[in-house]
Structure formats: C-alpha cells, structure tokens
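Below are two complexes that have chain A in common, paired first with chain B and then with chain C.
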Partner chain A sequence: MAATPATVVAAEPIAPAQASLWSDAWRKLRRNRLALGGAVYLTLVVVVALTALVWTPYPMAEVGVGIPYSAPSLQHWLGLDTIGRDVLSRLMVGAQVSLLVGVGTQLVVLAIGVPIGLAAGYFRGVFDQVTTFVINLFYGVPNLLVALILVFLLGPSLTNIIVAIAATGWMDMARLVRGQTLSLRERDFIEASRAAGARPAKILFGHVLPNALGPIIVQATFGVPAAILFEAFMSFLGLGVPPPMPSWGSMAADGITAIRIAANLVIAPAVALSLTLMAFNFVGDGLRDALDPRQRR
Partner chain B sequence: MFTRGTLIYIVQRLVLITLAVLGVSSLVFLGIHRLPGDALFSEHLRGTQYELTLHHYGLDRPLWQQYLTFLGNMFHGDLGESLVNRGVPITPIVLREMSVSAEVGLVALIFTIGLGMSFGVIAALRQNTWLDYLLSTTSVIGYSMPNFVIATFLILVFGVWLENITHGNFYFEIGWPGRYGSIGAIWLPAFALGFPSASIVARMTRASMLEVLQQDFIRTARAKGLAPATITIRHALRNALIPVITVLGPLAMAIITGGVVVENIFGIPGLGKEFATSILNRDYNVVIGVFTGYAALVGLTNLGVDLLYVVIDPRIRY
Partner chain C sequence: MATPILQVKDLQTQFTTHDGVVRAVDGVSFDLYPGESLGIVGESGSGKSVTALSLLRLVPNPGRIVGGQVLFRNDDLLQLSDEEMREIRGRDIAMIFQDPQSSLNPVLRTGFQIAEAMLAHQRSTRSQALRRAVELLRRVRIPAAESRAKDYPHQLSGGMRQRAMIAMGLANAPAIVVADEPTTALDVTVQAQILELLADLNHELGAAVVMITHNMGVVAGLCTRVLVMYAGQIVEQGPVEQIFEDPQHPYTWSLLKSIPRVDAVRHERLRSIEGIAPDLLRPPRGCRFHPRCPFRVEKCFSDDPHLIEVKPDQRAACWVTMDRARAEMGADDLLDIRPGSASGVQAGRLVE
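Right, the complex of A and B next:
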C-alpha cells in the first residue's frame, strides 16, 4: 500500500492496539475447547474432501461394486447404497460439495455484501436508501424459499446453488457492514484520516474495514453452516447437485427410502452433516467470544 | 391494544401481501416459460390430441396473452388446472394444503416456545450445575441438527426400532382422508420442526433470565417473601421474555421452510409435500400454485406475528 506520510502518522498509534486485539483473540480462542474441537474436526473434513479429489476407496459413481443394501463390512466401511455404490466413497465426495457450497457462498456474500455495506454506510444518500429498501423488502422472507425458487428456475447445478443462496445471503452481510460503517465513520480517527486528505477508498478499505473485520469474520463463519444446510435441504428435495455427484442431502433422501432394510444409508450422511454443522457453529461461537465480545445471541 | 390505526395497518399490510403474492407468482410463471422442454413433453401425445390439450390450457397462445389471462384469473383467486391430473382445479387444493401446513406449523411453534422456555428457565435457575450443562449442550446440538435429520431419526426410532410398540400409528393417513391430523400424528413432525428453533429460544431465555434475576426488583420481591414460583414466573420470566419474542418471526419462518422437507418425510398432505410432488411430476401449474401458497403463508404469518407483538408488548402500536 502506497501510504501518504499523513496516514502513516495516523496509523502508527493504532497499529499496536490492533496487534493485541488479534493476539488476544487467538489466546481466547485457544482456551475454548469446543471451538478447538470444532476446528480439529473441520480440518479432518477438509483433509477428507481433498483426499477424495485424488483417491476414494471405490469410484464414487460406480454401480455394483458389491451387493446393494449391504451392511457395513471390512471392504465397505459404511455399506453400499440402493444401487450398490460405496457409501464411504460417496460421503467423501459429498464433503467436497458441502465445503464448496458453504465456503463458495460466503466468498460471494463477502464480495457483494461488504462493498455494498461499506458504500451505503459511508456515503449515505440515494445509494443507501435504495440498498436499505431492497434489504427491508426481503426482511422476513425466508432466504431458503427464495433460494428454492431461484434454483428451480435456474436449474440445479453447483454454481446455481451458490448463486441462489448468495442472492439473499449478501443482504445480512451488507446490513451488518452498513451498521458498523455508520458508527465507525463518526469516529475521530476516520475524521483525522479524512482531514489528512485520504480518499474514500483508502478510508473504507484501510481504516473502516479493518476495524469492522471481527463481526464480519464471525458472520461469515456462521454463514458457512447455513449455506451447507441450505444445500443439503435442496438436495434432499431433488433440487441439488445433479447425479451422479453425491451430496449429503441427496444421500440422506435416497437412504430414507431404504430406512427399514439399511438404516446406515441415511445415518451416515445425516451424522456427517450434523457434525459438520455443529463444528462450524462451535468455531463460530468461539470466534464471536474472541473477536466480538459485545455481540451476543 | 387494537385501535383504528391497527385496522388501517392490517389493511395496508394485506394490500402489500397481495402485491407480494402476485409478484412471486408472476416471477415463477414467467420463469417457468423460459425453462427448456414442454409442459406435456412426458405424455408422448401426438397430433390433434396434443394440439387440443395445449389449447385447453391456453398454451398455444403467445406468452403475453397467457400472462394476462393468468393475472386476471389470479384476481379471482383462480390458479388454473393441474397439468397432470386433468381438470382438477388447483386453488382449493393449495388452500387446503396451506391449512394443513399451518396446523402442523402452529403446533410446532407452540411446542418450540414451550420447550425452549422451560429449558431456558430451568438452565438459568440451576446455573452452572450439571443440569445447566446438560440442557445447554442439548440446545447447542439441537441448533446444529437440521430438521430433516431429526425427522429421519424420529422415523428410525418410532417407525422402525419401536414399531412393535407404536405400530406405525403416528403416520398421517395416505392421501387426503378429509380431516386434519390428530395430535398423535402431529407431535413427531412438530418436534422435528420445532427442536432446532427451541434450542435458540432456550439459549435466549437462559441468557435473559440470568440478566433479569440479577435485577433489584427480583431482590425486592424475594425480600417481600414472595413464593419462589411467583417470582420466577410473574416477575422474572415476564421480563425475560421481551428479547425472546423478537425472534418469533424468524422462528415461524424456520418452521414454514422446514415443513417443505419434514412434510415429505412424514407424509403430511401439506404444501411441502405438494412442492416435492409437483416438481417431480413437472406439473408446472401446481408448482406456480405452491409457490403462490408459500408467498401467502409467509406474508400472513409475518402479519400474524406482528399483531401478536401488539398483544404481548403494550408499548408497541401501529
């Protein structure tokens, strides 16, 4: 960053305080056993998902690697599904889908919601009014229903699922960032930066955004399990990633038809999904306690 | 409580809801027409029969004419006919299914609030004991369990493992038997729908109860020698509930969306079941009807919740 001398003077006294915020947060987070356990589990999920890119015990789409509905055995740890595909292999690939949707959606949400929130909160005026109007219009409308309509109209695919969830997801992020910006823009150090002649872009991304980063990170962390849940929900209804790509939601939906003869078909994806969501929520709780002590739910 | 202003407010909201419903159904109507394929594609109709069927549904006319007819019919509350079940009008079906979904949803909401509040109050009164930890852990787990996972496990436990005891008596009757579900058939789906939300209510109730119990007026009430139950319910809980009722709207929405899946798992003949069936059958007219029904359900529920706020909190006026 090419900083003008004036902003260097303004930034210097802030720097040590910021460093201590992050190290302080890290110390708090390390002491939170649930958050740590969640993080360890999520690392495992990521490793499994990456492994599935290059290796799975059996090809995930290959039909008839054994007898359909087989119970878990040494060859097939989680059994075989209704048309004789290896459940463990499909579960591993399903982790990719969940993580892609969860993280991908939040990246889109951050890319759209943060700049809009910053601009609306900082410049106010017509742009703020229009943004607030749109956000209020959708307030009280369940995001999941909007996402279902969009996926139905756009057609089910990984990209469209991410688009459909992010289509309403950015609003919550924009609302949060707008609120943070509104309160930060009145602070003295922003005023000082403005007086020193910093441009709006410099103020917003150099001063406002770093100070609002804590709540943004917390919100994005909670957004990941929400998006994963939405994807599982859509897949359960048959509006998810198209077959033969497995998703935990569609695996559970297939498994429920065989619940009497092979309960493992529905238990495996259901447990994987629940544990992943729980782990994200634990990490989110931990991050909130560490980064954002004022905010409580 | 309710004034002339409230009445005007209700009318305004109803107009807005009507506009929103029209907007949603128009979006779905126009969106469906740009999907590839043909509404009658799967029926393998040939020649005049195909032409006649297309004509019957007005599908042979230009899109703008179809849309105008659609809008006109919407104003009469007519959603058209099903494409799969020929000649069956959609509006009565959607209305009936809305009421079934609303019935299950309402039980789920009562369940959510009752269970969540009791959990929260008990956890707050027994703060930092094993009971508190047990309830808090349960609510964190419940919050992370998707409702369809809970529903699946309930089916597994009550429908498969305990079948000798339950004899599958908790299922809804297949199809529409002409009457609503009994409480025996509703409590399991209501539990599945309500449990994740109940966990949120429990967490909030616990936090706000702990805050209220610290207040001076609670100490005053204790000093006066009031019975602990009176203090807990009349003095503490009433004040602790104020932050909790603000999540009533989101809770109701979570229950409505949850129904989309849970109704399919339990075979409840509501809007959610129709949603899955109509998409599977590519019965586009019914799909439009279902989304219209959901738009109305969401709008009316939000209005109901807002009016409930007026009843609960006398400071709120419209």
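Right, the complex of A and C next:
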C-alpha cells in the first residue's frame, strides 16, 4: 500500500507553474469588475454594430417611417427624429461609425507612432531631434484646430476624419514609445542581443517593442474613446461623416434644435456615447493596472 | 604554437568626457590561439572590460576605438562595415555578459531567445532552431531542458540563467567566446559550477575563451595564459602557473599577495595594495604603477616601461622586475608596502 501513493506523488510536477506577464495580467483583469463590465458592454456595442450591417429595425435613411418627433413607443423604441427616421436604427449604424473612427484612428496611430518612436529612441541623432522638435511644436497647437483644418481641406468623409485625428494623435504615441525605448536601449539584454549579432530591426521589434507593449496597449485603449469623442464633436459641428450616414455626434446636433419637445433625440446618442467612452476608459484603466508589474499581487 | 586566431595590435580605446580624454585602453596587444583559454585580470577601471567590448566593436558612447588593429582570420575587425561586423558577432565571436539577470529579455521565452541567436545568422528554420536550443540547454547541463526552454527568464535560477546565456553564446559554435566576468553576479557554489562548465566546453568544443575577471582564482581555475592589466595597459603576461609562481611585475606580485590563502602560514599578514588606481584623465608620468609601487626607482618616475621578455614566454613592463626586487630590496620579507618603502625612492627627494 505504501508504494503506490509514492509513485503518484512523484508524477506531480516538481515546480509549480509560474505565471507569465500576460497570463498574470489576464487574471488580474478578470478580477476587475469595472473593466470586465466595460469589456462586456463593448462586446455588445460591437455585436450591435455588426448586426446593423445586415439588419436594422427600419432602413436608417428612410424618411417618414412614422410621425416626426414621436416619443419612444413599441414600434420605435427610441422614437423618431426631426424628419421621421427611426432613432434606434440610426443609433445602431452610428455605432459602426464610432467604432470605425475610434479603432481605425488608433490603428493608424500605432502604425505611425510606434515605428517613429522606436527609431527616434533607439538611433537618437538627427532623426530624434527632428521628430522631437515637430512633436513639441504641435504641442502648442490645439489638436482640434489641426483636425478641423484638415477635414475642411480634405472634405468630410470617414477616412478623412480618421486621417485628421491620427495626424496629431500619433505624436503622443511616438513620444511614449520613444521614452520607453530610451530606457530600454540601455538594458543589458539589448546589448547582449547586439553582441549576438541581431539586426537593428530585430532588436527594435523583437526585444524593445515586446517590453514596451504594456504602456502602448494602455495608451491605445485610452486613445479610442478620445478619437470617438473627437469625431462626435466634429460631427456636432457639421464637419463629420456626410449625411445620410448617422454619427452619434451629428444625431445629437440634429436633435438639439428639438430638445424641448423631443429630448430623446439628444439623450439617446449622448447616453450611447457616454457609456461607450466610459467602457473604454474602464478597460484602459483595468489594463493599466493589470500590466503594471509593480502592482503584482 | 599554431597561428593565432585573433591578434590584437596596439589597441587604443578612448572616452571623450567634459574633463578630457580618458585612455581606457592604451596600446594593448596580444594574441589568442585556437582553443586556448586566456584570462585578462585587473581591478575596476583597468580597461579589461573595454578591451573585451572593443573586440566586438560594442564600446558604449562616448567611447571610441581610435587606433590599432584587431585581426581575425586575416580581417581587421576595426575596418569592417557595420553589417560585416554584425555578421561576425555571435557567429564567430560570442560574448557572455556579467549579469544573467538582466542580460536575458524578460518577456521572451528562454528557448526562443537562444533560437533567435541562431536565426540571426543561419538559414535554419524556426522549428529547427528551437529544437537545437533545447539541445544546447541540455549541453550546458540544464535539467529538464525541454520544459526550461519554454520558461521565461524570471522562472530560472541565477545559475540556470547564466547557463542559458552560455548556451546562447554557443548557439552558432563560435571560434571565440568572450566572457566578461561571467561569475561575478553568482554565489560561490554556482560560480564553481559555471567555471567547470566553461572549462568543459572549452575542451569539448575547442572554442577559444577570453575570460575577463578581477578574480585571480577564476584565472587559476580556468585559464592557461593570463594578461594582467593596469590603468589601460598590459603590465604582465605569460602562462598562468608561471605568473602565479613567479610574478615579475610588482603589481602582479601585490595582487597575488592580497589574495587570502587557505594554506598560508598563520599570522602572515594579508596585504592590500596601497593607494588607489590612477585617474586615467591624468595618468602618472613614467610607469603608471609607480605611485603605488614599493620597489620603484628614479627611472620609474620619468620613463614608460615597455613589455619585455623577462622569462621564457613571460613578459613584464617594469624597470625593476621582482627578481631584482627580491635580490636587492628583500621583497620576500617586506612588511612595509608603502610606495617606495623598499627602494627608498620618494617623490619629494627627486625634486631636491
């Protein structure tokens, strides 16, 4: 009897499995209720936006599906707008715009800001001085002004809005990545990989970037709601996506004239916008805590 | 002996600072033969690490190699393009760093990092490289190599990390391995294991090892030949046994005297070297060791000694040498090791 349990024990792993940075981060993120709630809500928004590609309760651009300024009813859950279009249908399509602008902008920002930041921080020299100068120069100019001028010049369209927001957005990313790279390039393992004959591109993307990924992800996550708000604001000013494409910002702008008689026209897009912004911020906050190695518990 | 695999000739590496030029390596020349194990010893700031980094052209800013030659297989490494030099690093000359804790990338799996060292030079596939990484981990005697290859560096012990670093250094079967104080960050029992491993690999693989260390014991345990550096210059070189038994430069002599020995006569005093290493911004005139040397003579204050053959295979840069110090100044019974105490030459009297 004594022999059998002994073999069973020996079969157990000797060392307990230790968590890597990412599995550790995922565990901490799951414990964060706000971040988890935010993530669930965002998944919902994505599902709604995808659904709107193939189905909306009413065609979003069709005028006069009911009486204009109608209050929410069973047929029209969020009521009808000033020219009798279904608000819920338009809100669903608006989610597409917001997500496209938010995520699209950050993809462009990542694609431009990360390589520039890496190169500036690693190679230093003239390239670093020029980028730093340009970034510092634009720090004195309001981003909104730059974006408005660009949209004005390029003409309002979804792509141009993304370009206009990313035109200044990459600078914060580049600045962050440059700072991370500056400190990482002095680390021993970078010198060790240089001594092993690694190419500069390999060092930057294989060694520096993975170590800076945490802050980059957090920054990008916070950048999404900022871009969405930006787009909403520009649409509110009439420089957003061209009609009949709805955006949460332009819906609020259209409804503002009728706020006394049909407040739902403003409230519906405003609430959708606020909840989405909050959700992104909670997720970003959760990611920041989860990816911070100093908060290991 | 065979032809040297690496010839360093009059290497000069300088650091330009606000206060002036620091000649960290000042005219260092030596040969490295295939398969041999060469120790470079010296205290902090003697230029031994900068010499090692100069071989790979990895001298950190604001350091620059300003002169000399590093001949490897008839090529002067100092004349190669950056791309050619990158190909040499890791493939022909590998480097093992001091602190394995910080020399491995914390976010990449150990096996993957070793595989990368191969992928940087060879056209092997990723899976081949990963398989060979496990082999290498086994070779450096890491138990359970398959699962360790999947571990992140923080999951390994200090000794295992240094073994992994050595595996990475060996990945491309280099002709030369430069080890910069590879045992300093480890505790004593692990140090012994790592040294044993390096000695085994030196024999098994036939790679020449350049061992940079401040520890004479490490040299005695691993190396066949040793260079002693002081203030950016080589002051003595020769076979390890000969240097340990019969050092000819007063600095080497003092260095060996300052090592505690288990077999020493009881009550024999352990002696340190008086004074501090010279400021390389303003190195002393003449022999750089004369401000700390008990055996100095007048000539040491004014003339820079060159390396000359003092015994078969053994060269020292000293006007006096220990043979004379023993015969004329009673070096063996010397208790007072203050500068000039044995020779009676003091700086003040020279001025008079």
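The working rule: the second predicted complex is superposed on the first by the 272 of 297 C-alpha atoms of A that agree within 3 Å, B and C clash if a C-alpha of one lies under 4 Å from a C-alpha of the other, contacts with A are read in each partner's own complex, and residues count from 1 in each chain.
Just so it is clear, contacts are C-beta pairs under 8 Å (C-beta built on N, C-alpha and C of every residue); 3 or more make two chains touch, one makes a residue touch a chain.
The shown structure was predicted, so the numbers you read here are calculated from the model rather than taken from an experiment.
**Q** Putting chain B and chain C onto chain A via the overlay, clash or fit?
**A** fit
**Q** Examine A:187 and indicate which partner it touches, taking first as chain B and second as chain C; both and neither are also allowed.
**A** In the superposition, A:187 contacts chain C only.
**Q** Of the partners chain B and chain C, which touch A:142 in the superposed model: first, second, both, neither?
**A** Touch status of A:142: first partner only.
**Q** Touching A:207, do we find chain B (first), chain C (second), both, or neither?
**A** The second partner, chain C, only.
**Q** First (chain B), second (chain C), both or neither: which does A:199 touch?
**A** second
**Q** Which holds for A:274: it touches chain B only (first), chain C only (second), both, or neither?
**A** first
**Q** In the superposed model, which partner reaches more residues of chain A, chain B or chain C?
**A** Per-residue touch count on chain A favours B.
**Q** Using the superposition on chain A described above, determine whether A:252 touches chain B (first), chain C (second), both, or neither.
**A** Touch status of A:252: first partner only.
**Q** Quick one: smallest Cα-Cα gap between chain B and chain C in the superposed arrangement, Å?
**A** In this superposition, no C-alpha atom of chain B lies closer than 26 Å to one of chain C.
**Q** For chain A, which residues belong to both interfaces, chain B and chain C?
**A** No residue of chain A touches both chain B and chain C.
**Q** For the complex, give me every residue of chain B touching chain A.
**A** It is residues 24, 27-28, 31-32, 35, 140-141, 143-146, 148-149, 152-153, 155-156, 159-160, 203-204, 207, 249, 253-254, 256-257, 260-261, 264-265, 275-276, 279-280, 287, 291, 294, 298, 302 of chain B that touch chain A.
**Q** Which chain A residues qualify as touching chain C in the complex?
**A** 18, 20-21, 187-189, 191-199, 202, 206-207, 210-211, 213
**Q** If we count contacts the way the header does, which residues on chain C are in touch with chain A in the complex?
**A** Per the touch definition, chain C meets chain A at residues 56, 58, 86-91, 94-95, 97, 99, 102-108, 116-117, 120-121, 151-152, 154-155, 165, 168-169, 171.
**Q** Provide the residue numbers of chain A that touch chain B in the complex, in ascending order.
**A** For chain A paired with chain B, touching residues are 140-142, 144-145, 148-149, 152-153, 155, 225, 229, 232-233, 236-239, 252, 256, 259-260, 263, 266-267, 270, 273-274, 277-278, 281-282, 296-297.
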